[in-house]
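Have a look at the structure below before the remarks.
Order of writing sets the labels: A, B, C, D and E. Residues in every chain begin at 1.
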């Protein structure tokens, strides 16, 4: 059996990579990808923690199923917004979408 | 004893009521105002007379609590009737009455006529209150109020710059002394729990509760008030300037009564002052120097009222000298006679001024002054009294003072006092000659026929002058009566005992008059004094011994500088700090706003960084579990 | 009569005025004025009833009313009056009435003016009757905030700056007071904001020493404590007449009253510990204020700094923690309140007519407008501590108290009387005596109707100056009990 | 090395490599491919942990739906013709540092955490999941459907191009 | 009374939703009809929330709880919804084709918030939050004639989704630690009870999403942009209903964290301190009224966190009470902003000039609202802040209280600047009077009245808030 910490470690790294992408990428779509990676890390966490002996495995799976739904919804809203933004601003470079400040 | 008490209350209340009525209701009714004022003061005068007769010896006091105090009993105010206070009350009300009558003529037609009588009544009430007060704090209250009245009356013609400035100077300068007075009173109240005059005198005396040191401190503080009010020592320069007020006011406040309040205070608290011999020595020398110094200034003054003012300072110094040397009777005697002849001198000079429309003696001389009979009589007899020529009143009282000095003060003091007496005779005579004797008769050689109103005015002014002239011959004989009344145990001073002292004084007086005659009076005299030959000295004398300049250069300038410094500090430092804080806050806001830089990834990064910090902090604070 | 909730009624009087003013449409200016005046009159009547119902010989709070309000949070409705607050109620009522009358000629945005003014007065009355710290501060701020608009809209010289400065300073003071009060609430054994109960809470010396300066400085800001006084002259200069009157006359007293009623009552040990500092600051107030007043060029600035100086006397009296000092301080609050009100009323008339307050441009006013000038001169003389006017007695008592506790400071302060007189006389002589320095429009002297409020104020000064026991007999038992409790 | 560990190792490596590709490459299409790869890896991990149903759904939704939607969005929005601006080194290192720090902090906390322990529960299948959905997670189930509804309607509205106020769905 | 009575608000939500949906199906008049439906629905909703008060209910296997707490929050949300609908008027400022949908999404957001108040299971709670958020995500960018609306939407979405990822990560940790997603189980889990750092951090992460809605530092960055970028009705909803509900849930999490959490309290206190200072200082320089209100909201979130930092029932009660007051005062401010604005544009401070003449009632409302925000009596803001500070002080947060009090002073500065523009400065073009409908007038008066009444006599409302706090801790 794989040790719990190994899975948690992978999830943490995945979360970290997602975070890096979120903070660094200029493309909105790439940022969304990063976010999805973070959500996947969360899912991995949940499954790891609920598939141990003595844990409520079905609960974990239900939660992750819901998370998948959330991720889909997120993608839908975010992507539609990106399209709309591109339509009016002709860019989806987040660094250029920084008119509002102060 | 309720009769005298009621009389005393009446004497204070009547002028006060008159003052209130005039200032509040009769400002547009001059005749009524004057009538009310004179009637009220007449009542006061009658009451005072009654008091003098009723209180032949001993003392009576009636008090009511006026101010609740920490001790639970409170400060009681009331009237203290004894020989000293009743006599002073009589002097005050008499002179005031005379001045009020005189003013009917002098102030006739002035737009502020009613106001004038209102202030005058206020002064009378305050002065009588001061005299009759049973509590030293009460004395202080009225002391300040006469100061206020003095301010208002000096500045009576407030729309002229001179009187306004003079009033300001007088008020502030006397306040300097009053601060000492107030501190003294506070100190007494603090120690004694109250400031009832007989009690504090008793406590200061032998067997009393006060330590000598305490008595000395209190006495010197009170002395500051005396010096300020009686225009002594370094604080006298306000008095010459105070002559900017109407002449009757000068007569009443600034020679006869108010400035004598300081003398009265020393007499009133003589028991206390006597218990502080060092302070008395200081007072003695202050008054000696003042007497001579003021005389030198009078010698060179060109303005008749200023001459009289300096002479007031000088004569007040004589009174204080006597008190400092230990004789209440002599000092008070001189106070009484001085009140008479100085009021007379002012009122007479007022008549001249009224006609010549000038205060300058040489100017008056040009307006045929001798045509004013009453005034001429008054001026001459008053000056003789001032010069101390027998048998005028001044002679007797000054004699009493000098005699006291001779007994108690030592040779040096006596020499100075005699020097002063000689100078007094000189400047008195100078004044008479300068005023009365022949300038070229320009101006109004043929005076127009006086109207009826002018005649009435002349009468109003003439009668008091003549009465007072007569008094200069009478008051001199009251010395022994006064002495018996004020210090019954003491040996009565012989009025007409021509020993070495009186002869010296008379000789000096003669010398002074003769000198003045040679320089000013004789036909073809150069009409310049011997001092005029030394311009520097003359300037020194004429300029108040440069004291005003000294004050101007030191105290006034320092105050101005301090004030401006404080103002600068207030605006730049304190206010600047406040404004700076506000500006800094705004600037801080602008700087913080830069965090909101528009880069959304930065926002997320900050949030994540904070959370990382939280994780580390939690692990650190709670320990990894 | 004594069954009536008089104190609540008193607070409701100006509040009713506020409601009435809000309900009357803005175009009926006269009706608005009358409504305000009626509410002021009602306040006076209720105050008179309170004075009648008040037993001067009994110490402790009287006419007490209590009610539950927010018991979980320790807040209750609790009002009462004692000898220390009663004079201030009378003061407020008088200044309120005279203030409304003084503003009778106001034409600009009458409705809003009287609305804010009545609100302000509601707050002031509220503070003086409140015995619950929450309500105390509640009303305290109610009284402060309308000032901003009253000054900013209806004021003059640098009005926006002055108004903002004033508001921020005062609220900064509150920012010190509120945490301090909450800290007391928390540390007390009984969790309540009731002053009377907190007074017996017995705070530890450490708490007292730490919290006292917060309360002292916080309230001190409103009392014009040096070096936090600079808002006050600036604010006074900017404010319209009635607001200056209310502000210098009454509002600054709230600060001193707060120190007395809250800081000293609750933290006697803290007060004793910081007494020296407080007295020193108060002394600086007196001397500094007087010195700065000496070289001002604007009439209102002179008054503003004189207020700083005079409030120093109040603070010094409080700092003595003696019967004489407290008596003097409370009386000084009263007489200074009346005096500055008169001051500002007098200057207000002059400014209305001559459109300047520059001393250098005035002169000879006593000739041109004798009656109006007389009012100013009476106020100035009161300020100078001339006997026969109310302030003299108050200052005397304070000096006496100070002389017992801090002789050196007392000597300095008494010495400063010279400066006080100097600036008062300077103004009188320069602005009112002499000749006009530049041509002025010929203006009629003040009308009897406009004289009325000023005459009321002057009369109060004179009457109390003649017989101070009228007020001191009320204060004294309370001051005695207060000092007793301090020990 | 047992098969479970092997499967896990491969899946985890796939997931991490995919993730790195997804965030590291410059080309957005490559990123999406990397993302799909990472999701496959994650699904593999699930499989290794015994959640086979979940793994299937995961692949279906992420690779099948989300990734495709992303491709559509990129085609609609990405200005491929524009040359990419160079990356700012400070931003790269800053983001990397922060992400590494965050991961380290998380790992520090997670490593030895006192995870809950309870009685053993029998392994579950799709039926068990369905049962949970209809009992104590019925509220969540309802809510996720509402959320998806809102997201769909919102997405349509936001992306819609017509500007007259009369458009219908 | 039937237990089902307790679900009256939820039922009204569905009804309103159907009404608006039906209206949107209409042709030309869809926006107007939707507005009418929304208005009617908001009234029904309010009535339902009031009527259902005091009826407790637990359904869905214990995951949905109706109690004093949830009813209070629902009432607040209903009020916020009603006011936002009112403020939105016909949706001006919203893109023309989305004016009808505006009301629909506001309603879905409100339903999310209402469910959030009752959900006592973490996943449901999170989903409710997301429903509320997504509805707003799609509304914010659809601003008309204001290109930055898109950017505002972007900021909102990015920060929101990032927070949501953090929330989920926290949730995953909590699931592992507690073995359950029920809040009660999480609160009772040994890890949390003993204060294990991972549990506390997990809870903190889980709170991120709610702190994001509350706009508490460091999750506040979206607020200024969204307030500025969103149309008035949306911004008002974000500022009122959404914020109060988020606040309530933070309260719920604070209650779950329990009393033995000194380090979390310190973290909250620091966040509160920074938020207050940052918000107030930056607000000083703003010219756009809505942006200023946003920064002030950042500061206000800080004040609220001061109450939470106490970690006591009194603190939560104070925060809930303050939340209600906050709703009223912010709604009042936004009502004024919306009416002053021309054509749905953002008013700047200069647009407020001469308001006292152009619309005295609006000026007075603004005055009261700003004074309430500044915490000045006799408005309810004073009582609210007092209670917050009292709770914090009781736990020894003296420096926080002092800082809060000082910050209040700073805040007065910029509130007064706005007041100055409304009351003092004349309008440049002798601005035309602003016409108000009777509904607007009634709303102004009602809001002012509420601010004053809550200021003079907060007792019943505070008692309710205290009861709600007790319900959380039971």
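Everything that follows uses one rule, which is that contacts are C-beta pairs under 8 Å (C-beta built on N, C-alpha and C of every residue); 3 or more make two chains touch, one makes a residue touch a chain.
Everything numeric here is computed off the predicted structure, so don't read it as measured data.
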Study note, to complete from the structure: Co-neighbours of subunit D and subunit E resolve to A, B
**Study point:** Farthest-lying chain, centroid of Cα atoms versus that of subunit D
**Key:** B
Study note, to complete from the structure: With centres defined as CA means, the chain nearest the overall centre is C
**Study point:** Centre-to-centre distance between subunit E and subunit B (centres being mean Cα positions), rounded to whole Å
**Key:** 76
Revision key, fill the gap. Per the C-alpha means, the centres of subunit B and subunit D lie apart by a whole-Å value of 101
Revision key, fill the gap. Distance in whole angstrom between the CA centres of subunit A and subunit D is 5
Check your understanding: Cα centroid separation between subunit B and subunit C, in whole Å?
Key -> 36
Review point. Got the subunit D residues that touch at least 2 other chains?
Key: 91, 94-95, 98, 102, 106, 109-110, 114-118, 137, 140, 144, 147, 150-151, 154-155, 158
Check your understanding: Of all the residues in subunit A, which ones touch at least 2 other chains?
Key -> 15, 18-19, 22-24, 28, 31, 43, 48-49, 55-56, 59-60, 66, 70, 73-74, 77, 80-81, 84-85, 94, 97-100, 102
Point to revise | Sites on subunit C at which at least two other chains make contact | key: 168
Point to revise | Listing of all chain pairs that touch each other, if any do | key: A-B, A-D, A-E, B-C, B-D, B-E, C-E, D-E
Practice item. Flag every residue of subunit B that touches subunit D in the complex, lowest number first. Key: 601, 605, 608-609, 611-612, 615-616, 618-619, 624-625
**Study point:** Footprint of subunit B on subunit E - complex, ascending
**Key:** 154-155, 158-159, 162-163, 166, 191, 194-197, 200-201, 204-205, 208, 217-219, 221-222, 224, 262-264, 266-267, 271, 277-278, 280-285, 410, 413
Point to revise | Contact footprint of subunit C on subunit E as seen in their complex | key: 314, 356, 360, 371, 376-378, 382-383, 386-387, 389-390, 393-394, 396, 398, 401-402, 405-406, 408-409, 412-413, 416, 419-420, 423-424, 457-459, 462-463, 466
Revision key, fill the gap. The subunit B residues in contact with subunit A across the complex are 593-594, 596-601, 604-605, 608
Check your understanding: Given the complex with subunit E, which residues does subunit B contribute to the contact?
Key -> 582, 585-586, 588-590, 592-593, 595-596, 600-601, 603-604, 606-611, 614-615, 617-619, 621-625
